[in-house]
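Okay, so here's the structure we're looking at.
Residue numbering begins at 1 within each chain, and the chains themselves are lettered A, B, C, D, E and F in the order written.
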Amino acid sequence: MMKRIITFGEIMMRLSPPTNERFGQARHLEVVYGGSEANVSLALAQWGWPCAHVSALPDHAFGQAVGQYLRQHGVDTQYLCYTNGRLGLYFLEKGAALRGSQVIYDRYHSALAQIEKYSFDWENILHQAQWFHWTGITPALSENCAYELRRAMAIAQKLGVPVSGDVYFRSGLWQYGASPQEVLPELIALSQVVVCDEKAMQAYFGLAPEVCRASFAEAAQNLMAQFPSLQKVLDTQRVSLSATCNRISARMWNGNTYLETLPLEINPIIDRVGAGDAFMAGFLHATLSGQSDAEALHFGICASAWKHTIPGDMLLASVEEIKSLQAGDTSGTLKR
Amino acid sequence: MMKRIITFGEIMMRLSPPTNERFGQARHLEVVYGGSEANVSLALAQWGWPCAHVSALPDHAFGQAVGQYLRQHGVDTQYLCYTNGRLGLYFLEKGAALRGSQVIYDRYHSALAQIEKYSFDWENILHQAQWFHWTGITPALSENCAYELRRAMAIAQKLGVPVSGDVYFRSGLWQYGASPQEVLPELIALSQVVVCDEKAMQAYFGLAPEVCRASFAEAAQNLMAQFPSLQKVLDTQRVSLSATCNRISARMWNGNTYLETLPLEINPIIDRVGAGDAFMAGFLHATLSGQSDAEALHFGICASAWKHTIPGDMLLASVEEIKSLQAGDTSGTLKR
Amino acid sequence: MMKRIITFGEIMMRLSPPTNERFGQARHLEVVYGGSEANVSLALAQWGWPCAHVSALPDHAFGQAVGQYLRQHGVDTQYLCYTNGRLGLYFLEKGAALRGSQVIYDRYHSALAQIEKYSFDWENILHQAQWFHWTGITPALSENCAYELRRAMAIAQKLGVPVSGDVYFRSGLWQYGASPQEVLPELIALSQVVVCDEKAMQAYFGLAPEVCRASFAEAAQNLMAQFPSLQKVLDTQRVSLSATCNRISARMWNGNTYLETLPLEINPIIDRVGAGDAFMAGFLHATLSGQSDAEALHFGICASAWKHTIPGDMLLASVEEIKSLQAGDTSGTLKR
Amino acid sequence: MMKRIITFGEIMMRLSPPTNERFGQARHLEVVYGGSEANVSLALAQWGWPCAHVSALPDHAFGQAVGQYLRQHGVDTQYLCYTNGRLGLYFLEKGAALRGSQVIYDRYHSALAQIEKYSFDWENILHQAQWFHWTGITPALSENCAYELRRAMAIAQKLGVPVSGDVYFRSGLWQYGASPQEVLPELIALSQVVVCDEKAMQAYFGLAPEVCRASFAEAAQNLMAQFPSLQKVLDTQRVSLSATCNRISARMWNGNTYLETLPLEINPIIDRVGAGDAFMAGFLHATLSGQSDAEALHFGICASAWKHTIPGDMLLASVEEIKSLQAGDTSGTLKR
Amino acid sequence: MMKRIITFGEIMMRLSPPTNERFGQARHLEVVYGGSEANVSLALAQWGWPCAHVSALPDHAFGQAVGQYLRQHGVDTQYLCYTNGRLGLYFLEKGAALRGSQVIYDRYHSALAQIEKYSFDWENILHQAQWFHWTGITPALSENCAYELRRAMAIAQKLGVPVSGDVYFRSGLWQYGASPQEVLPELIALSQVVVCDEKAMQAYFGLAPEVCRASFAEAAQNLMAQFPSLQKVLDTQRVSLSATCNRISARMWNGNTYLETLPLEINPIIDRVGAGDAFMAGFLHATLSGQSDAEALHFGICASAWKHTIPGDMLLASVEEIKSLQAGDTSGTLKR
Amino acid sequence: MMKRIITFGEIMMRLSPPTNERFGQARHLEVVYGGSEANVSLALAQWGWPCAHVSALPDHAFGQAVGQYLRQHGVDTQYLCYTNGRLGLYFLEKGAALRGSQVIYDRYHSALAQIEKYSFDWENILHQAQWFHWTGITPALSENCAYELRRAMAIAQKLGVPVSGDVYFRSGLWQYGASPQEVLPELIALSQVVVCDEKAMQAYFGLAPEVCRASFAEAAQNLMAQFPSLQKVLDTQRVSLSATCNRISARMWNGNTYLETLPLEINPIIDRVGAGDAFMAGFLHATLSGQSDAEALHFGICASAWKHTIPGDMLLASVEEIKSLQAGDTSGTLKR
């Protein structure tokens, strides 16, 4: 039996006006579910990897719907913990042209944020795991979330399970007292792969602006020096030409080589939420399949580009479809 | 200038699957706004009464949409207080036949629940008022809500503004520490009109079950004995033949006479949320128009019946339409 | 080649909120097309009768859509006259339970109302006709409409084409100066079959209330005495139990016999607009097929009942479906 | 580990106009998936029973969506066989009042109908099974389907797995050459529980009409005499008052006692497709939970009644919800 | 109390197919309300300016919905006059790529077109006004509309209320007998700010083509020479690259300086109706806020560009959003 | 009376998710009908040409809806043959940006594929015809379809009716045994106009790759040499920049001259299905109107470009609209 990939994080209900209406015009809101870490499991499970997602959810119809959604796409839900908190929400307004999309979060006091310490049996969960993935959102939710994440990662280290983390700079979280500067370094220190932009490097890990300005490779190398467990530092870049036309690319430092993909233009963007998670999933798929860093980076950015064309948080794509993009077919030709 | 009617209470976003889907099947949720007290103002403002609603709302697009919704229907929104809390939500699943509708509340930590004491300038708000209306939901939200409501009612008393309250039995609220038994009696003591079922009479005001069983008139008289300011005790009754067919009637004790309406059958029910508020609005409209208690009770129950045929929380009806129902035309004839 | 059935009258765009929303709540309006006389042709053409509808329409995309709609269901559109007027509209609000549906008409200055005299070549149109059908709406639209209708009927008489008319009492039309009392008698005098309720008999043709009260047969016989060309007087009756539950029946006096159908209950009503036209179409189908008056009356009321279950103005039904209703199967059993 | 319940049969895409439109009016068709046997697994899996469904599906996006749908609701899909055939379809037109619903099947040449013999490894599938359920649809699809079903049942017998079958009379299948009279007796002979109406008893198993007329118990006893393995004969009855109002009840002969439930009226019906499967699932749940035949029959008919209120083929209900119906609460009261 | 901005003009119901369907394909039409002058008030009221709109509307549910819509967004509706005319309509077909959008007007005989002279108490309306805005549409509707507009402007002049007018060239109006050449000059003579393209300058005010060709500044200066009250002549320009991609800019002559903005490209356009009104509202907002002509022109064109991204006639935007565009952020970046 | 244009081929139901959802996400599917040959008739009938389409359809509600759809747009349906087969289906997933659209066909065993030989009375059908059009799809459906097509073309030749065929390369058909190489040459040999790409020239008619590479003119000339009846060889070319932005052009060899249009860019594409049929219809319209080859080619490609902006299979456009595109107006300007 193949070993499992474990992801840990909150899943929210996303509510968005179906067209380009502003929030205040909406009479109907489309419902999908998503969370950065779960999105990674969903994409990987679709490609045949055994994945389990760990989270807490309210024990009501919508909390159960989240579990059904994960199962629908093949993610193991046995570690979901049903409790009495609420389901985190976010509202998404779709922009167009020169008007950007907007998000209103309503996620405080969620079931996951309110978990008790030792809610999850990490020894058991990580026992048969081949990978563990986390993001900077989880430790920002509550002290107990940070505690459980740290505990999970320590156990992963003990069991030899490699760990990836996504720590993009995000303001607006960290409301419970702790600061990212206190919490994140300890987590990075337990990770092998990290996705991190320069803003986060400066804000969270104290890299000097001039180091970041010098080159991504140098900045990443500095980060690695600070956190010796780190083997790969990844980053995706986005040039926003308009709300509906972006150019994305990815880059990477693996301690030896600087790698960078060509940019891919997506026009029009159908839904960019989850594009970073699609990158992560793509990179992990290719890496776990034994491909080179360059191939994995390329597969990841193609997965991310494809995600922009799919409504909802989840990357829906076959490996073949991403490969065809990777092979250079961006023509969008009709397939009969 | 006519004096204003003041209502005070939370307004929530209501999210419901558009058809008879169960919660877990929903891909779209219909959005309307509503709150028991605001529903009363909305109905009365539509009939030409100057109304102002007092509440707190989050300062984001949906909070502003609530204000716009009140203004759309003519309710004065100058006392809405925009703060940093969240917008209370509730999810409504529409039943059918022998399957009842269901509500999931997600209202904790709302902007109103989190208001500071002395957030509202009640002296000013109630200065030109002819009526003040509250419900048992508001004091159940937080200590400060209970405090502000009590303060408002004391000022109303001082200014000679009559007060009505709606204190139906509702479990599931009162999470902040206080109990309804501690808080509600003081509020009833400051009210002239109260809508109250026997369950609430027993649970909140200690009436003996045998008194309630004896007759509504006797129970109401007991309540009045306990709270001398009370002049009218109202109650609506609902016989649920199925989720889509109900029979409703209203009854009243005014200290002298027991009044009771004939039942009205509504089949099919389009949306029963807000039917109690429509009753209250109808009763207040007729009472403030100088009609007798019997006429007001009848107008109230007709308004409530009509509400069952309207999607959303708000009673949309002209006075003429309710009067035609009151005159006995329940035939639903096409009007060209 | 079978001879044609000719109908003459306005076709309007109908705009209605898709669910039970009140007009003011509507964000979308459903579009269908319909007109009393065209509805008769549409139903008959569906059953294989060659039908042509005569009307005038604006020469824009929606006017053309009306023609396409007629052609779609097999009605000959060669006599539609495209001019510069507007397309008549009406708005339909769907009631429920004790709240009736409502119609707002916006039909003045329509293309048909503004036709010139001698716009239609009736000699040619009626040359190969086996039946001509009109309603009391057409002469109410404008002087020229009344003129053209009278002219058509005189030519029908000359050519020996039998004529049916539907002259239910309808207030709110007749805005151009003439009164129904001036215009309708001359039209009835040229008809062989008329659908007419007692209200119209009194208001338009001066029947004494006591005659109408005595019996339908007596009233109809009086009408026949006044208009010797008349051979059959028909009437449908509707008991409105609620906006969504009606009982309908039909009755008839043919100069010899009084015939009356058993009532059919429709619950729930999906769309009752066009139910009278469906009755007319059903009666004509059965009559032209050589069935007895009793059979035709029964087929007509079954067609009308079936129409209540179909969204839109048009009766969509096979002859077999109506016959199965006529045979007593009102059970609504699933057909696999 | 609990032993599994195994179901075997075709799953189709169901396409239906969203409202009461006739087929020809539809511009959109709602998509759900369903199949009589899979519906049983879906309901049971939702209640916590380990279920696996066996079928063949086309290897394209919609075939995969069927698998996702089963997994979403907890049904084990490891025995689904993806092949090159097509996905069976059926179109459903929703009737109303006196107009019945209609189904158009388009299921020939489906992936399941085209399976090869020995496509399924029944020894393995049934190894850990506690129940096997089939219906009369599967052997009607193709010779190989009948062959595989017979093979499965023989193995079930060998392994001591009890078997239930649903053999209602259905015309319009059996197009491949064999007749139900040839095939079904052998299958019944391998079953312990059968759902069977009198029409099927006469048509398929040669029971004399007078025996059926005498009483259900006598007819069932005759069937049991013919097929000694049979222990329980079940039947549901439906009185169709209209397309939207039915009364259902269930009855049973267990060799000793005749049991019959009181009728339940469902008004309005939201969706009656799958109501028989819900009955079966309810009966099996209660039986496997160790309840008496009378309790199981009652639980089954309540599950069936509840299904009528849910859009789609699947019974969505908690055990508690069905129990509350069983306890007599058919009032459809709002649950807050 | 801040003085009010007064706008005067017709408000229509706009009906448009929801997607890119052609008119004839539409089964549903989206309903919004809009009118050039009201759109200006709606945008300004949203930014906190006290605005009142003057118009006449039919006294039915849709006429009342128009009033509710204005109130929803904070426009004072006390001067709306409810009468018996009809609600003007227009149908909008949304083009795409090389297929342009299309409008079918159905606005004749509207309530406003049919007003009596002296329907509005302009002395009272303009008493506390700080601005009056009109467009060339209103005097084109009927003689009485032109009369009332002239009367309003004369009173504005008397009261010292500055006046802006929007007189773009529009064919297809002016059906009541008068010509724009007769009516508009007198109105411009009473205005201080005018939005006017070269086509209108030539067609309505007799400017020589060669003057217009020379430069906008020269043409505007000529116009000012002709109408000495004029202080600012504005114009927006649109380069239509396709139905879904336009480039817009604005220019202005204030008697001293020629000002011109850089072009803004909008791709894709969501809804361009009301873009000119958004420009006017933006320009007035900035001007009344004390900004320079250059700043006001820039704010106006940014407001207009933003409008292209919003469904419906109304500009929904905060001042901050427009300012961010003005500051050069056209990247449409996601805002969390 | 003008002579008719005859088309022959299958019409399918097309089912597609309404937005950019992937197949598996769809809960609703939009329904339109279309078929390559019928699309040509539909476009031409809209422009006033008498057209009749020949096909076979299932005798159920959806089969009848196809006939109604043809009649709606003026196509003569008297030669449609209603039989017992099924309605061919195809599913269309709309791509965006770099994700192409996808089609899943489900057309086997359709009514047309299952027709008997001599099902159509071609002598009668082609008697008054001025043109016959076929495509390479029809002979690929079944042996009898190929037989009937060959028979029709032989009779056309006998009656002097010119013939056009569209034989683009399409894999995935030809499942019944015959190969295109066996069947198509005989059909081309009976045609005067053919639309054919180089892939088909090589695959079906054995042209050497180097001839095709040399020039289209040379390849076409080779084809003409092989099939002497051929007078014009047409081809459209598509550059797919993305799923939503294409550039199309057309070219032609008429035995004397090589003609080629400038490319037209369509961005965004609303629906490209039927664009080739729109080209064919446009070319035939112009040719039959007596225009030159160059004009006809230009009109054809403009019709094809316009089609890309219309949802559904059918080109909805007036001749004037196409002409305005032909005249160079690709600006998509709003038409009031």
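FYI, a contact is a pair of C-beta atoms (placed from the backbone, for glycine too) under 8 Å apart; a residue touches a chain by one contact, two chains touch by 3 or more.
Not measured: the values here are computed from a predicted model.
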Quiz item: By label order, what chains touch chain A and chain F together?
Solution: D, E
Quiz item: From chain A, how many touching-chain steps at minimum until you land on chain E?
Solution: 1
Quiz item: If every chain is reduced to the average of its C-alpha atoms, which one ends up farthest from chain C?
Solution: A
Quiz item: Comparing each of A-E, D-F or A-B with A-F, which pair has over half of its contact pairs in common by residue number?
Solution: A-E
Quiz prompt | Interface numbering overlap (same over half, different under half) for chain B and chain D | solution = different
Exercise. Specify the chain most distant from chain E by Cα centroid.
Key: D
Quiz item: So what's the Cα centroid distance for chain B and chain F, whole Å?
Solution: 63
Quiz item: Just curious, how far off is chain E from chain C if you go by their C-alpha centres, in Å?
Solution: 45
Exercise. Mind pulling the residue numbers of chain E that touch at least two other chains?
Key: 22, 24, 27, 68, 102, 268
Quiz item: Looking at which chains touch which, would you call it a line, ring, star, complete or other?
Solution: other
Quiz item: Every pair of chains that touch: which are they?
Solution: A-B, A-D, A-E, A-F, B-C, B-D, B-E, C-D, C-E, C-F, D-F, E-F
Quiz item: Tell me, which parts of chain A touch chain F in their complex?
Solution: 264, 266-270, 305-306, 308-312, 316, 321, 325, 330-336
Self-check item: In the complex, chain F residues that touch chain D
Solution: 15, 18, 22-24, 26-31, 60-62, 64-65, 68, 86-87, 89, 91, 93, 102, 104, 106, 108-109
Practice problem: State the interface residues of chain A toward chain D in the complex, per the touch definition above. | Solution: 68-69, 71-74
Self-check item: In the complex, chain F residues that touch chain A
Solution: 19-22, 24-25, 95-103, 105, 170-172, 240-245, 268, 272
